[in-house]
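Dropping the structure in here first, questions after.
As written, the chain order gives the labels A, B, C and D, with residue 1 at the start of each chain.
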Amino acid sequence: MSVTYLEAIREAQAHALRDDPRVFIYGQDVGAFGGAFKATKNLASEFPGRVLDSPISEDAIMGLAVGAAIEGMRPIVEMQFADFSTVGFNQIVNQAATLFWRTNVPCPITVRLPFGGTSGSGPFHSQCMETVYAHYPGLIVLTPATVEDAYSMLLEAVAIDDPVIFCEHKFLYYHLKAERLPSEALPVGKARIAREGRDMTIVAYSAMVHEALEAAKELTPEGWEVEVVDLRSVKPIDTDTVMASVARTGRLLCVGEAWSWGGATAEIIARVVTEGYGLLDAPPQRLNAKDTPVPYHPNLWAAHRPTARAIAAAARKLLRL
Amino acid sequence: MSVTYLEAIREAQAHALRDDPRVFIYGQDVGAFGGAFKATKNLASEFPGRVLDSPISEDAIMGLAVGAAIEGMRPIVEMQFADFSTVGFNQIVNQAATLFWRTNVPCPITVRLPFGGTSGSGPFHSQCMETVYAHYPGLIVLTPATVEDAYSMLLEAVAIDDPVIFCEHKFLYYHLKAERLPSEALPVGKARIAREGRDMTIVAYSAMVHEALEAAKELTPEGWEVEVVDLRSVKPIDTDTVMASVARTGRLLCVGEAWSWGGATAEIIARVVTEGYGLLDAPPQRLNAKDTPVPYHPNLWAAHRPTARAIAAAARKLLRL
Amino acid sequence: MLQTVLEPGTAENAALFRETYLAAYRFMLLARLLDDKFAALWRSGRIHGGVFLGRGQEALSAATGVSLKKGDVFAPLIRDAAGRLAFGETVRDAARTYLGSALGPMRGRDGNVHRGKPREGYLPMISHLGAMISVVNGILLAHRFKKISGTVGVASIGDGATSTGAFHEALNQAAVEKLPLVLVVADNQYAYSTPTARQFACRDLADKAPGYGVEVDSVDGTDLSACLKSIGQAVAHARAGRGPRLVIATLLRLCGHGEHDDAGYIDPQLKTSPIGRDCLKVAEEHLVRQKWADATTLATWRSEVTHEIEEAIAQVQREPAPDPFAEEWRAISSRHLSETHADNEVDPA
Amino acid sequence: MLQTVLEPGTAENAALFRETYLAAYRFMLLARLLDDKFAALWRSGRIHGGVFLGRGQEALSAATGVSLKKGDVFAPLIRDAAGRLAFGETVRDAARTYLGSALGPMRGRDGNVHRGKPREGYLPMISHLGAMISVVNGILLAHRFKKISGTVGVASIGDGATSTGAFHEALNQAAVEKLPLVLVVADNQYAYSTPTARQFACRDLADKAPGYGVEVDSVDGTDLSACLKSIGQAVAHARAGRGPRLVIATLLRLCGHGEHDDAGYIDPQLKTSPIGRDCLKVAEEHLVRQKWADATTLATWRSEVTHEIEEAIAQVQREPAPDPFAEEWRAISSRHLSETHADNEVDPA
């Protein structure tokens, strides 16, 4: 038996619905249809009345989730694509994110954002929105890279008493597989050493972890041992783990699929150099998507986002500095 | 005679309306009333039919501006407060920002965002939104700190063939004064050395420039000569001017009123260390607002945002490193 | 919080109506004098930021508050001082928020009209117009999940807020889910300076209801009796599980948008028209006409209320302001997940 | 682009109507066969991403396209292949966008239904539902500023998109500004898998119009004659300066949401009901009944159209794909203000 990243997300939701009567799911087509990506497949029939189709009203979807959370429920919201959360943006950043701070009432909502680029999806079905959410105080932003994390972090997201932006990468949905669902897991807030190395640290998250791992592999025959840190969450960031890795390797390359300006890569570099300047033997570097919308055509798309090849090239340059 | 920051904004709009028949103004209460801050005072009567009150519909306001821009007009949109642009967010980042790249048709819109903290304004009338807009390709984000720049950069914003997010700081509206409106100006995209120094560089923008200048003054009797760079625009960032300054001083403190995660301060540090690592004699530092919503109470507010005192303290620390 | 019974006829109901009317009037008076006090404090520099009054809208607002009971949900807007008080807010908590007391429900973090106690069904508005309606929906849906029945949610908005996408999405959502929502629109003819002619083009805001499949009632917002009946019916209807209703009240804002605004743009003809009547005076005339109170009683009440306000304000003014050094600068409740980076914590001392 | 004249009676008008009908039918047929072709290309892996068909909606869409003329504005949605062609799009440009040709209007940057030529009044939709309507408003307002009169803008949306805040704000905006907007709602009973009962609670979408103060017409979306009349009238009305109109067309989506979707959720009763009729067949029957065409003619047209499509596709398939190395990775038009940071430009070679 094997389980995909997408199935792990479905299973985590089934688990949460089973264990906690306060959990319900709300979003477009999540009911009988099982969601645009089938992440809620069969849940409506397994949990009658607890998986509700919403109108095409992202603002009201998020507002409703906040109200339900105030009243002690633990809503899971599915945005059909992360890109559409821009029309629910206000309720996320100004209603959900401020509630606890203003009133001391926690706001336990999980917002599932199917995000990130896939070939042929174009500017409005490919976006990475972790940056804009992470900028706002009051939100937790998770970016699982593995099947195991998709499962365990989603379960933990539902249990967390704050609004969690759960960025699940569409590129990983179908082809990322694991043998089984995990029974233990690193807690949210801890990064993971995805690969140990000695010569440099690549910090990545979500789909980019896999590109980074492939790049690391590509560099092995050249004699380089590259460490890959999987951030797992971009807010909070486990700066300690990143710093410890950089302390070992002396070199840092940050990779993000999001746009460069103010992205997680800038944030990590800022943290490492302000707090651990002496650890570096060479200037830190970052690699991001190009500063244009995400292109539709596969050829353009492959050049727009960082790939294993581009990461390896950037790493080689940095290793030579 | 003297002119305030706010009057400069009014004058720039009058000038633009006078010189260019394609310019019109659209926003809530901008007409006969002259806007919530009086930034469009008398413009409706001076330019009949060209200053239009809109419904409370930020999404449609921005969509309309895009349509008008497609048709060759040059709309100036006033958001009543920057904070409310969250409900027009989608049209800004997905409609206006992508138009040129997708279709080769430019999208000349100026979105005026009265932004930033003032005492007693609270979480929803104080926000700094430059970060989230600067993250998106396709937008230009201006942050004038002086009366002269408020005037000349707004004029230039209207002339630019791309969507410009014009962040005008409410704290500067009334009490920042100049002798006269400028006849010459640095172009958009160039930073300004607001104060020369030798021992360290403080990079700031908008209201924080004044706090930084005051901090620099505070440090003079202690024997420190602090250089202050006024970024003027956060997208594009004039990295060259920043680097040249850091090359002279060897020390960098970035100050932003926005939240820390992924803010302009992170972006500047990332640029300086990736491209000019060798220029630094000490780790770069940043100082931002605390990671909570902007508080209402003056006591809390003063502690939430960076002030001259806090900047001076951070600078002292850094000078000792 | 008093529940109105509105079936006319019986003597018992007549007595209950009188009682409700009197209670609502007291909240109107309290709100008016409290608002006046806030305005005075603002003018003397004692209140930071804006002050937003409900002058002319107290009848509608009080009617809303008294129509609700414990367990219900109320999302007031800026002109709802009366409704807030009637729903159970104390004068002290209102003053604490305006004056930034650390002991208030918002602890100085938020101010003026941005106050509430969400766990008590009293929602603290965010500023974005229309945004609270779907939050009310969420609480009502949660009640359904929790098998709590017979509760009602009221959201207040203005004529201007009907132009927001949030209003539209939320009203539609309530209709689809058949939630017990009463959406009260105070059509006070202006949104800040913008007259309704620049805000919408429908003949009447009530014409919006069929487009959502919700019931609607229109009411003279200057007449407390009418407001009590209209809101009372809408609430009773929702409480009985008969779905959402829109209530459109016509009235005039008898003050500036905020105290900084002289409202010079208001059409003088409106001021002298029936919708320009002061609902407080109208209510007082009604009290006298019905012989529910005479001039002496009214004067006594007024001085009682004034006294209550002065006392509360005096107390709140002695309360501590929030202390930035004692503040926990943390926006999430999960302590173990909150982070403060060293670089962001440069000691300002 | 043909303009319909719809006053009945005169022989001249009858002839014009026939001509318009025939033209519209041709676009319907072209769209249907082109859609089929795209579906086939997608199944064989030649098209990346999604393919979204207008099957069952061609009558409404073609009627929209033929009702407009040069200078007008059209913001089509996903099911508007027919209207796009009728408004002047070439089969080649449609294919170029689906196949990602560098020579297409979107140059491989955007794909499938996200295509248009804004400067020609043909707006390329962004995906966010409802978002194009206010853009049309903006163009129409610009026409007013530029003293261009007599132009009309049409925006298409689905039943699901009526739940968006963007729809509401934009329709209200058009009404306030009295813009010549025709908003065509294709109520095809589903939004993706969601039936209208989970989308709205109004009796009829037409009930929304009075709430905006706009006129409304309802039409059988399976009947080309009816669509031509309804849309033609709405356009004529707007062109004459009489303000916005909403047109609600009832029909059924005769395909999946996209080609990946087998649409198993569609109520079988709807399929056999009158709204489940295939508008193309209905139009063909009408053509034959009116003796405007016989079976042979229809077959000839079909093979002509097939040939036209095959030729265009064959040509486009030989066109170059976009070259990432030749691409200018720049999102703003102001060259002097665009920046590429060295760190973002690590040479992948």
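The working rule: contacts are C-beta pairs under 8 Å (C-beta built on N, C-alpha and C of every residue); 3 or more make two chains touch, one makes a residue touch a chain.
Here the structure is a predicted model, which is why all the values come from computation and not from measurement.
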Common contacts of subunit B and subunit D, by label, are A, C
By Cα centroid distance, the chain farthest from subunit D is C
Taking each chain's centre as the mean of its CA atoms, subunit A sits from subunit D at a distance in Å of 35
Rounded to the nearest Å, the gap between Cα centres of subunit C and subunit D is 45
Between the Cα centroids of subunit A and subunit B the separation in whole angstrom comes to 30
Contacts with two or more other chains occur in subunit C at residues 106, 109-110, 114, 126, 128, 163-166, 169, 172, 176, 198-200, 330-331, 339, 341, 343
Each of the following residues of subunit A touches two or more other chains, namely 54-55, 57, 59, 83, 86-87, 90, 94, 97-98, 101-102, 123-124, 137-138, 270, 274-275, 285-286, 291-293
Contact graph of the chains (line, ring, star, complete, other): complete
Seen from subunit A, its contact residues with subunit D in the complex are 28-29, 31-33, 36, 53-57, 59, 81, 83-84, 86-87, 119-125, 260, 285-288, 290-293, 295-300, 302-304, 307, 309-310, 313-314, 317
Within their complex, subunit C touches subunit B through residues 47-50, 100, 106, 108-112, 114, 126-129, 160-161, 163-166, 191-194, 198-200, 265, 321-325, 327, 329-331, 339-341, 343-344, 346-349
In their shared complex, subunit D is touched by residues of subunit C numbered 163-169, 172, 175-176, 178, 198-203, 207-214
So, in the complex, the side of subunit B touching subunit D is made of residues 24, 50, 54-55, 57-73, 75, 87, 90-91, 94-95, 97-103, 105-107, 137-140, 160-162, 188-189, 236-237, 239, 270-271, 274-275
Note: in the complex, subunit B contacts subunit A through residues 59, 83, 86-87, 89-90, 93-94, 97-98, 101-102, 123-124, 131-132, 134-138, 235, 258-259, 261-267, 269-270, 273-275, 277-278, 280, 282-286, 291-293
